[in-house]
Each structure stands twice: as structure tokens, then as C-alpha cells.
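Scrolling down, you'll hit the structures one after another.
Below, subunit A partners subunit B and then partners subunit C, in two separate complexes.
Let's turn to the complex of A and B:
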């Protein structure tokens, strides 16, 4: 018996933490936080113990029957799952430790820790699941927790609205995902061995599904991933979700929520690669989102929203990687997951740093009111610089290794299929990423303080800066593990099987394509060039931006209004279209449903008021009725009538 | 010996009188008396059929005893009604009607 046999405790421990925090957290050390931290520390230890065993070749897949034949609950550990588990529990632990300092003054501290504990439990359970139905249950749990936590400061109207928006927007994706599961069940339930929802995608099973259905299933799953991982066009909830506590943003963006969509696509990669056409859409959608969100990141002035758009953009990279992976097969999952995990490190780092900034500046989030923070909070400034370098893909940081490989693969995809669109998208996005990230850093940390608050900012407490240092180390050094990681996670799916599935889906796998040197160093040039441009504009002030930043500049107006997507979704779709549908539904409800109910009661009242006339109250009448009745009865019994 | 049919005819006549009285009478006291006639027509039947054994007569005796109790209750009710309403006209008692 090794660690791996107790792997289900990885998800169970935070659940225990949730219950303890909820009921007795308030009466313990510092009014809460202790149970959440201890249980997630436990999860991290088990995850790392299990990782060591999985590196040695251990695998596990345990199922117990549930309520119907072929439907099971259980847990599964393979390389893909264990790297996710380690990342989620470790990053979540860092954020929880940090939250001890960040949420210190909050009156509902124990409730906060209970909810983040449940959030972590949901994500860990999602990764541990060995079948799609169980994954969907945890998927919904994660959605619920995000709603609760984004609206944690519910007394702020924006926070309450943001929670609702996040919940409803991701719900669109959830419905699509559920439809995908139903369609999959419809197709596999009649097979001789109904492995209905388990992740056993053998060639026989996938061959038995018609290709059109397979593509529909893959696209519906993609819809779920688009909702959860906030891809275009369902990304609108993420910027608003910044109304929650910064630690929650860090959890959502790095560890627990948005990576679930990428994990879903990675986990069901055999379906995607076996379905004709699905991965092309994945690649273009991911690439487009990466560029689209990066343009938006250029104009927002809210420090957390810049980071939010960068998350959307980076998730676009991961999805694009899975899409262009149609030419390299199983290794695509490894490449994508490597970016996911390095992103988790530097994004958690960036969010936690911005949390320190917010703490120091009395919750001012506007970059225009910052400036000169480098000398006032040096640890945070350096940590954030490391995070920003990693996000921009500066050579030798973790982000460089992961992003570089994605851009190269996209180029190979272009060579192999003639479709250079994803490559162009993500290459431009890489340039823009460097620009907006360093715009943020230069605006916040260099120059003169632009407000009273910035002049009197102070460094965060030790419990807040310690996780920053740990995460900064990972954001810098995680790249060393690159080739080891690719071999480990790339071996998650059987290469031979993936090859045959790719044949089924009509994709041609290529190996060892030559990439010219200029293409290989192009991402690094983009990163460094972007940083240089940002430095020129916001550090040296070579360009006078006030000429461009005005409401009369149509491009600026377009970006400022977020491409009018919020307007389209809220005013046009939500209010006009659904308003009209709601009107019809209301009329149907009032006239037909209520009409039936009220009609029945009215008819019965009318019958009653007619019949009551026989009750004269005169005893003789009753007696007569009784006698007549008895006579008729006797005649009937006697057989006369 | 008087034939059985005569008793039955007498009983039928008495029953008809009683039933007629209940159906048309408004005076509570008369209704009560008609009820007694109904009851006694049944008693006559019971007594008439008890030629081989005495079981019918036993039943008739029971029935008379119970009828006595019933009359006591009925008369008491009528007295109370009269005290409240100053009448025993049954058509006046329609407080619970619609």
C-alpha cells in the first residue's frame, strides 16, 4: 500500500476542512483559517507522495457501482491527473497561507475559508474523477463556489452582480457540456460492455459512434470548456469577477476554476482527435481568444482586470495548443498542460502581488493612481517583475519554455496544413502580452507616485510575502523540468492508440518537422520587443499617449467598450431577446397554466353553488328522499328494475 | 290461530302510516310519534315470526327498551328546541342551511 491507494483523501481532506471551518472555524485560532490550511497542506503532501509513485510507474483506477448499470463513482490517477492535482493543491495552499494575512481583518473569515476549501475540494474532485458524470458534478460544485466567492462581499452591488454574471455565463457552457454527455451516453449505452461515462476511449468504442455525432460531442464539450475557461465569446464574466477578494481571483485564475475547461479537453482528447474538424475549431478559437483578450488588456486601467484579460489570453494559448496538436498527437496534451501549470504559478504570483498592492493602497485598483511603488514595497515589486517576465515569455523563465513550444507547434501546424492563422494570432498575442504586462508593471511600480495613497503605501506582512517568494521561485525555475514533463504527461495516452484515432478523425501526424531558426527565436523577440515598447512608452515617456487615449479615437472606443460584447449580451440578448421570450412565457403562464388551474376551481365552485339548492333544510324533504331511495334499493335488490 | 299474513298486513299498514307521517308532518312531536309507529310495525313483524322459538320476542323486547330511550332523548331535544325557538315546527330550524 502506497500513497496512491489513499489518493481519494486529496479531495476528501478539503471537504472536511470545509465542514470544520463552517461550523467551528469561528471559535479557533484567529477566527478561522486553520482547518482550511491544514487540510490543504495534507492534500499537497498526499499529492506529492502520489506523484513520486506515479513517476515510478504506478497507476490506479478504482470504481464502485452507483445507481445504474455502468454508472460508477471512483477515482483515477494517471500522469495527467497527478500533475493537475499537485499544481492545484500546491498553488491553493500558497493562496490559503497568503489569505491568512490578506483576509485578516474580514469579519466573515471562517466563512471565506470554508468556501475556498470547498472550491479546492471541487477542483481536486474534478481532476480525480474517473468518469464524466462525476466530473460534471464537481464541475458544477466549482461553478457554485465561484459564484459564492466572487460575490463574497455581497454588500457591494457590483460584487453581487459579478457573482450572478459569472454563474449565468458559465451556465451556458455547462448546459452544452451536459448535452455532450447525454449525446455520448446515447451513442455508447447500447454497446455490449457499457463503459458509459468512464474515460476508456478505445478504438472500438469511438469507431462505433458516427463521425457527425463524434464531432457534435467534441464541440459540445468544447462549449463547456469555453464557458468554464472563459474563452471567446463566454469570457465576459472574468473581468467582472475581479470584484471578489484578490485571493479568490488568484484561486479562480491559477488553480481551481478556469483550468477545468482545459483539463476537460485534455482528458477527452481521444474524442477530439477522433472527430473530424473539431480540433481545427479548437485551434482557431483558442488562437483568436488569445489575441482578442490581449488587445483588451492594453486599455483597462484596473490592475486586476489587466491580469484577468491576460488569463483569458493565456487560456487561449492552451486551447490553441490542444487544437494544433492534431499534427503531433498525444504530446499535445503534455505541451498544453506544461503551459497550464507554469501559468498557474506565475498567475497566482501576479494576483497575490496585486493583492499586496491593493492592501497597501486601501483597495485602489486604478493603475493611474499608483506609481513609484518599487521603493515602497520592494519584495512585491521584484516578485511581480518575475511574474510579469514569466507571463511575457522572457527567455529562461517558465513562461518562455511553455509558450515558446506552443508557438513553434502552431508554426509546424501551419506548415503541415497550410493554415497559419493560429500561429499569427498567438504570435501577435505574445507581443501584446509583453506590452500590456509591462505597462502594468511600469505604471504601478516606477515613476512618481500619482496619488496620496501611493505615497504612503507599505509592504505586506511576512505571511503574505512568503508565498510570493515561493511562487516566484517556481515561476522562474519551473522551465528546467520541460523535457521531463513532456515525456511524463505526453505518455498519458497510448501513442499508438492516438495515432489510430487521428487516422479515424482524418488528421495526419507529423514528426520532427524542421523549424527555421528565425521562427524559433521569434517568440523571444516578441517578448523582448514588447517589453522594450512598454518601457519606451510608460517608463521613458517617449510617446505622448494622451493623443490616442480619447473617446473620439474609434479604436480606443472599441477597446474601451470591450468590443461592445457586454452591450450585445446584456442589452440585446439578455434584455431585448430574452425580455421578449420572457413576455411570451409570462403570457403562457398567466393565461394557459393559471387559466387551467383557476378554471378547475371556478367550475367546481359553480357546480357546488348549483347543487347546494337541494339542501333545503326541511327535514321532511330529506325523509322523503330517504324513503324513495330505500324503495328504489329494495326494488333493485328484488330484481324488479 | 291468526294467520301470519294478517300480522304482516297490519305491520305494512302501520309502516306506511309512519313513513307518510314523517314525510309530510311539520310538527316535531308528530314526527316523533310517527317514528314510534314505524318502530312498532317492525316489532310486530318480529313478534309474528317468533312461532317456533322465542328469539323474535326477545328482539322485540330489546327494541322496545331502546325505543323508550330514544323517545326520551327525542322529547328532551324537542323541549330544548321549544325553549329556544318557541316552536317545534321543523321548517323553522334552518340555521345551518346555505
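Let's turn to the complex of A and C:
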């Protein structure tokens, strides 16, 4: 018996933490947080212990039956799962430690820690799941926690509205995902041994499903991923979700939950690669989202929203990687996951840094009111610089290694298929990423303070800066593990099986394409160039941009209004169109349906008062009527029977 | 020696009489608590003693009016037993919930017990005559609960409820008589025995014309669809709910509506197995189901009254039951999804019962505390009512089908199980899921979150006697929605064998 046999405790411990925080957290040390931190520390230890065993070749997959045949609950550990488990538990631990300081003053601290514990349980359970239905259940559980935590400060109207928006937008994706599960069930339930929802993607099973259905299933799963991982066009909820506490943004809307969509595609990669056409859509959609979100990040002044757009953009990279992976097969999962994990480190770091800034500036999120914070909060400034460098893909940081490989593969994909679109998208996005990231950093930390609050800003407490230092170390150094990681996670799926499946899906796998040197260094050039451009414009506010930043500039207006997508979705579709349909249905219900019912009763009353005149009071008339009635009745029954 | 079902009925009847005769609130509620508690206890003992897959159990059969073939004939299977438990459980919790009811308390609690008895009778009767008596008996306590303890338009609503559902019951009664007479005429045995009659008709052993068998099914179906209720026969329900006292609403939505769904499984499916029955009824039921789901959802989106919103959510959830039944009887190459759909529809009946009780219970607390149910007049209630907010949020999330709660297990089963047979209907139903979430979250956001509406003044949180029953139900919702022996046993051990048995009467592969 090793760690791996107890791996289900990775998810169970935070559940215990949730219960304890909810009911007795208030009465313990510092009014909450102790149970959440201890249980997640436990999860982290078990995860790391299990990782060591999995590196040595251990695997596990255990199920017990649930309510119907083929429907099971269980857990499985393979390289893909364990790297996610380690990342989620570790990053969650860092953020929980930080939250001890960040949420110190909050009166509902124990409730906060209860909810984040439940979230951590859900996220770890999602990764541990060995079947799609269970994954879906945890998928919704983390969605619920996201809803609750965005609206944690429920008395703020924006927070309550943002929570609802997040839930409903992802719900659109969830319905698609659910439909995908149902369609998969439809195709596999009649197989001799119905392993319906488990991740058993053997050639025989996938061959038995008609290609059109297979593609439909893959695209429906992609729909779920688009909602959860906030990809175009369902990306609209993440920026609003920034109304929640910053620790929530770091944990849920940057490092962990939003990567669940990527994890889903990676987990069901055999289905995707066996589906004709599905991966092309994945590649283009991911690439487009990467660029699209990056353009939005350029104009936002809210420090957290800039980071939110960068999250959308980076998730686009991961998705794009899985899409262009149609030319390299199983290794795509390794490449994508490496970026996912390095992103988790540097993005959690960036958010936590912005949290310190918010704390220091009485919750001001507007970059225009910052400036000159470098001298006032040096640790945070340096940590954020490291995060920004990593996000921009500055050479030798973690982000450089992980992003560089994606851009290169996209180029190889272009060579192999003639479709350079994903590559162009993500290359441009890399340039923009460097620009907006350093716009943020320069605007916040350099120059003169632009407000009273910024002048009197202060560094965060030790319990908050310590996690920053740890995460900064990972954001810098995680790249060392690159080739080891690719070997480990890239081997998650049987290469031979993926090869056969790719054949089924009509994809041609290439090996060892040569990439010209100039293409190889292009990402680095983009990163450094972008930083230089940002420095040229925003370092000490050297360039006056007010000529461009105005409502009369159509491009600025388009970006400022977020391409009008929020307007279309919320105002036009949700409120006008469906609001109108609802009013119509309500009027139909009240006037027509109920009108007919009441009309009938009125008609009967009218007939009754008409018939009242028959009541003459003469017994003979009644007797005649009775006799006639009985005769008719007898005739009727006799005739009919 | 009387069996457990008779004991339940007797305890409740005697309890109702004694409660009626009590003088004080204290006496009334204690007698009611004890008798409904004993009824619940007996039904739980029945559940524990229930043998999985062994057909009708706890049967008692006594000739009542031999000349007409009427018998006191009761028993339960995996369909009836959960419904009996639902009735006794909800009634027991209603007694606790209404602990503070002071207005004519003895009558109030007596009516709750009478209601409990009538409902148990409906779900346990195996004789059509007895079934009809209990069926109609449920109207009386509900009529008085609305008419005496109701809101401003209580008279209109009570009368509408009574007449509307009574007319529908008459259609059912005529169908029962037709079954009785035709069978008696053709085979010489005049009997109201439910099992016997349904068996005879399902095998086509009573040679009657297709016209008559379809008329019988139509009459029965009309009675059940009005009770469920299915759109467009639903307008009595929102009116009744708006005026009914909270306990009346809970009983109505949680248990009374289930009588309609129960009829679909118990009566309609066997009748549809008749070789002469029109297979179009499958589509009819499916259309009623999907229209109920979608229409009720959009109407709910436009509601301003929280209670009316919850009432429309009930219509949608019962639409899932119809959809599941249609999906179960429709033709499919594999039995596995069909049984899944049928079991899911049964599970939905139980699950919706406990979920909707939480919803109506929470709304009742809000009305009691603030004096209004208009969503726009509420706001930020969490500030003064954190416990209520917790319960209500849990109930609303369960109602919108959140996984990990009982509604998801049921609705997932229905959708997944019906999809192979009726893909287009399932797609339409799934279209509604986002909007179901929308109106639930919209109501929560406006009522519980945001800044507190100071015009409401200083309000109290939920009382302990209201909290306990609702908390028990929330716990049950979670237990029945997560993997554990209780959920597995109810689904797999109790309902599924009966669901399989019910479908086994149909021709191989189903209808259509």
C-alpha cells in the first residue's frame, strides 16, 4: 500500500475542512481558516507523495457502482491527473495561506474558508474522477462555488449580478457538455459491456461510433470547455467575476477552475483526435480567443480585469495547443498541460500581487489612480515583475518555455496543413500580451503616485508576501522541468492508440519537423519587443495617449465596449428577446389559457341561469323529464353495448 | 390482524378526529405530531422491510361490497411505497412547520392529517373504487385549507381548484366505469380490482373496439394530466398556490400533484400495452411533457410573485415526469435507456416532492417575516435572515437541477434515458435548462442578495420549528443526490425493479 491507494483523500480532506469551517470555524483560531489550511496542506502532501509513486510507474483506477448500470463513481490516477492534483492543491494552499492575511478583517471569514475549501474539494474531485458523469458533477460543484464566491460580498449589487452572470454563461456550456455526455451514452449504451462514462477510449469503442456523432460529441464537449474556460464567445463572465475577493479570482478564475475546460479536452483527447474536423475548430477557436482577449486587455484600466483578459488569452493558448496537436498526437497533451501549470503559478502570483495592491490602496482597482508603487511595496512590485515577465514569455522564465513550444507547434501545424491562422493569431497575441502586461506594471509601479491613496500605499503583511515569494520562484524556475514534464504527461495516452485514432479522425501525425531559427526566436522577439513598446509608452508615462483614448476613436470605442458582445448577449438576447418571450408566454397563459377556462365556467353559469326557468315547480313536468331521461339512457347504453 | 397500510390509515383517521376535538393549540399540535409521526414511522418500517423486486407487498384484501366487486384492497410496490413515504414524511414535517399556527388550530391540524390519510390511500389502493374514493377525498381537506386559511382571493381559488380537478376526476371515473362494465360484460367477472383489470386490459383479454380502449385511456390521461398538472390544464395550480396557506401549498405541490404522475405509471402504461391502444399516446404524453417544461419556464421568467414563480417551477418539473414516461414507453432498440427513463421519472416524483417543499417552505417564511412575496419589494434578505438564505439557496439550487442534489439524478436519468427514443423532445427540454437556471438565480439575486431593502424594517430570521423540517429536507435532497447506500437503495433496489416490471408489460422494444 502506497500513497496512491489513499489518493481519494486528496479530495476528501478539503470536504472535511469545509464542514468544519462551516460549523465550528468561527470559534477557532482567528475566527476561521485553520481547518481549510490544514486539510489542504494534507491534500498537498498526499498529492506529492502520490506524484513520486506515479513517476515510478504506479497507476490506479477504482470504481464502485452508483444508481444505474454503467454509472459509477471512482477515482483514477495517471500522469495527467497527478500533475493537475499537485498544481491545484499546491496553488490552493498558497492562496489559502495568503487569504489568512487578505481576509483577516472580513466578518464572514469562516464562511469564506468553508466555501474555498469546498471549491478545492470540487476541483480535486474533478481531476480525480474516473468517469465523465462524475466529472460533470464536480464540474458543476466548482461552478457553484464560483457563483457563491463571486457573490461572497452579496450586499454589493455588482457582485450579486456578476455571480449570476457567471453561473448562467457557464450554464450554456454545461448544457452542451451534458448533451455531449448523453450523446456518448446513446452511442455506447448498447455495447456488450457498457462502460458508459468511464474514460475507456479504446479503438473498438470509438470505431463503433459513427464519425458524425463522434465529431458532435467532441464539439459538445468543446462547448462545455468554452463555457468553463471562458473562451470566445462565452468569455463574457470572467471580467465581471472580478467583483469577488481577489483570492477567489486567483484561485478560481485564474489558476484552477477555468482550466477545467482545458483539462476536459485533454482528458477526452482520444475522442477529439478520432473526430474528423474537431481539432481544427479547437485550434482556430483557441488561437482566436488568445488574440481577441489580448486586444481587450489593452484598454481596460481595472488592474484585475487586465489580468482576467490575460487569463482568457492564455487559456486560448492551451486550447490552441490541443488543436494544433493534431499533427503531433499524444504529446500535445503534455505541451498544453505544461503551459496550464506554469500559467497557474504566474497568474496566481499576479493576482495575489494585485491583491496586495488593492489592500494597500483601499480596494482601488483603477490603474490610473496608481503609480509609483515600486518604492512603497518593493516585494510585491518585484514579485509582480517576475509574474509579468513570465506571462509575457520573457526568455528563461517558466512562461517562456511553455508558450514558446506552443507557438512553435502552431507553426509546424501551419507547415503540415497549410493553415497558418492559429500561428498568426497566437504570435500576435504574444506581442500584445507583453504590451498590456507591462502597461499594467509600468502604470502601477513606476512614475509618480497619481492619487492620495497611491501616495500612502503600504506593503502587505508577511503572511501575504511569503506565498508571493514561493510562487515567484515557481514562475521563474518551473521551466527547468520542461522536457521531463513533456515525457511524463505526453506519455499519458498510449502513443500507438493515439496514432490509430488519428487515422480514424483523418489526421496525419508528423514527427520531428524542422523549424527555422528565425521562427524559433520570434516568440522571444515578440515578448521583448512588447515590453520595450510598453516601456516606451508607459514607463513614467512618457507618451501622452489622450489623443487615442477617446470615445471618438472608433477602434478604442469598439474595444472599450468589448466588441459589444456584452450588449448583444445581455441586453439584446437575454433581456429583450427572452424577456419578451417570457412576457408573451405569461400573457398567453393568463389571458388565453386561463381565459378559456374561466370562459367555460362563465358559459356554464349562463346556461344554468337559462335553464333555471325550466324549474317550474310542477311535479308532473319533473316526472316526465325523469322518465324521458331514463329511456334515453337505456337506449344509449343498450345501443352502445 | 391488520397490516401496516391499514394501521397508517387508521392512525391518521383517528388522529384527525381527536385533533379536531381538542380545545387548545398545544393539544392539537401534539396529537397531530404524534399521529403523523407514527404514520411516518410505520411507512419507514415498511420501507426497511420491503423486499426488492418482489412485486406488490404488504397486501391486504377484504371484500367490501361483494355484489359490485368492490374490495378493500391495498398494497405497495416500488412505485407506491416511496409515494407513501413522501406523503407521511411531508405531512409530518408540515405539522412541525405549522407549529405556530394559531387560527382554528384543531381544524387546521385535523385537515393536515386527513390529507395525509387520503394521500396514503391513493398511493396504496389496489382497487379502482377505493382509489377513486381516496382520490376525491384529497380534494376536501385542500379545499378547506385554501378556503379557510387562504389569502384574499381564497374563495375564487378554492372553488376553481375544486371544480377543475373534480371535472377531470369525473373523466377518470367514467373511464373506470367503462373498464369495469366492459370487463364484466365480456368475462362475466364484475370487479374493481386494479391489478386484475389492468392485467386484463393490458393483455387485450377484454375484446373491445380500439375506439373504446382509446377513449378509456384518454379519460384516464385527462384526469392525470390535470392533476400533475400539464400545460394547458394547469391554470388552477398557480391560483391555488397564491391563495393557499404555506402548509397547503407544500402538501399540494409536494404530494398532491404526484397523484397525477402516479397514475401515469400505475394506469396509463399498462393500458397503453393493450394491442388496440393507439401508439399516438406516446407522442401525446411527450408533447405535454415538453410543452409543460418550456412553457412553464418562460412564464416563470415573467413572474413577479415569488410563490407563483415556484408554482410554475413545479409544472416544469412534473413535465419531466411526463417526458420520462413517454421516453420509457417509446420504441427503442435497447431496454437499458428505457428503464433508466422510467426509473428517473419515478425518482423525479420523490425528488420534486422534497425540493418543492423546501421552496414553498422558504417562501412562506419570507411572507411571514416581511409580509410580501413580490420579488422587487424584497432584497438583501441575507442580512437579517442568513439561515433562511442558506436553506432557500439550497432549495433553489436543487430545483434548477444542480448535480449532487436529488433533482439532477432524476433529470439526468430522464434526459439520458429518453434521448435514444425521443431525441428531438429531449433536445427541446434541454433548451429550457439554461432558462430554468435563469429564473431561479434571478429570484435569488433579487430577493436574498444586494443591499437590504430598509422599508422591510427589522425582520426576524426563520423560526426553529420552520428551520428543522426544511433542514431535514435539504439534507435528504443531498443524500438522494450523491453516491451513498440510501440513494442507491431507493433508486436501484426499490424503484428500478418496479420500473422494469411496469415496462415488461409492453411489447418488446416499446411502442411507436
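Convention: the second predicted complex is superposed on the first by the 579 of 641 C-alpha atoms of A that agree within 3 Å, B and C clash if a C-alpha of one lies under 4 Å from a C-alpha of the other, contacts with A are read in each partner's own complex, and residues count from 1 in each chain.
The rule is short, and it goes like this: contacts are C-beta pairs under 8 Å (C-beta built on N, C-alpha and C of every residue); 3 or more make two chains touch, one makes a residue touch a chain.
Keep in mind the model is a prediction, meaning the values are calculated, not measured.
Q: On subunit A, which partner touches more residues: subunit B or subunit C?
A: So, of the two partners, C touches more residues of subunit A.
Q: Going by the contact rule set out at the top, does A:620 touch subunit B (first), subunit C (second), both, or neither?
A: first
Q: Let me test your reading of the model: by the given contact rule, A:597 touches which partner, first (subunit B), second (subunit C), both or neither?
A: Only subunit C is touched by A:597; subunit B is not.
Q: In the superposed arrangement, does A:606 touch subunit B (first), subunit C (second), both or neither?
A: In the superposition, A:606 contacts neither subunit B nor subunit C.
Q: With both complexes overlaid on chain A, does A:633 touch subunit B (first), subunit C (second), both or neither?
A: Neither subunit B nor subunit C is touched by A:633.
Q: In the overlaid three-chain picture, which partner chain does A:396 touch, first (subunit B) or second (subunit C), both, or neither?
A: neither
Q: Across the two complexes, what residues of subunit A are contacted by subunit B and by subunit C?
A: none
Q: Name, in rising order, each residue of subunit C that touches subunit A in their complex.
A: Touch list, subunit C to subunit A: 163-164, 181, 185, 231-232, 234-236, 295, 298-299, 301-303, 333-334, 336-337, 340, 343, 380, 382-383, 397, 402-404, 408-409, 412-413, 415-416, 419-420, 423, 426-427, 430, 433-435, 437-438, 441-442, 444-445, 448-452, 483, 487-488, 491-492, 496.
Q: Would you mind writing out the residues of subunit A in touch with subunit C in their complex?
A: Per the touch definition, subunit A meets subunit C at residues 64-70, 73, 133, 136-137, 139-141, 144, 147, 151, 154-157, 159-161, 163-164, 167-168, 171-172, 175, 178-179, 181-183, 185-186, 189-190, 194, 574, 578-579, 581-586, 589, 593-594, 597, 601, 641.
Q: What residues on subunit B touch subunit A, complex-wise?
A: 19, 22-26, 31, 90-91, 93-94, 96-98
Q: Please name which positions on subunit A make contact with subunit B in the complex.
A: Residues 612-613, 615-620, 623-624, 627 of subunit A touch subunit B in their complex.
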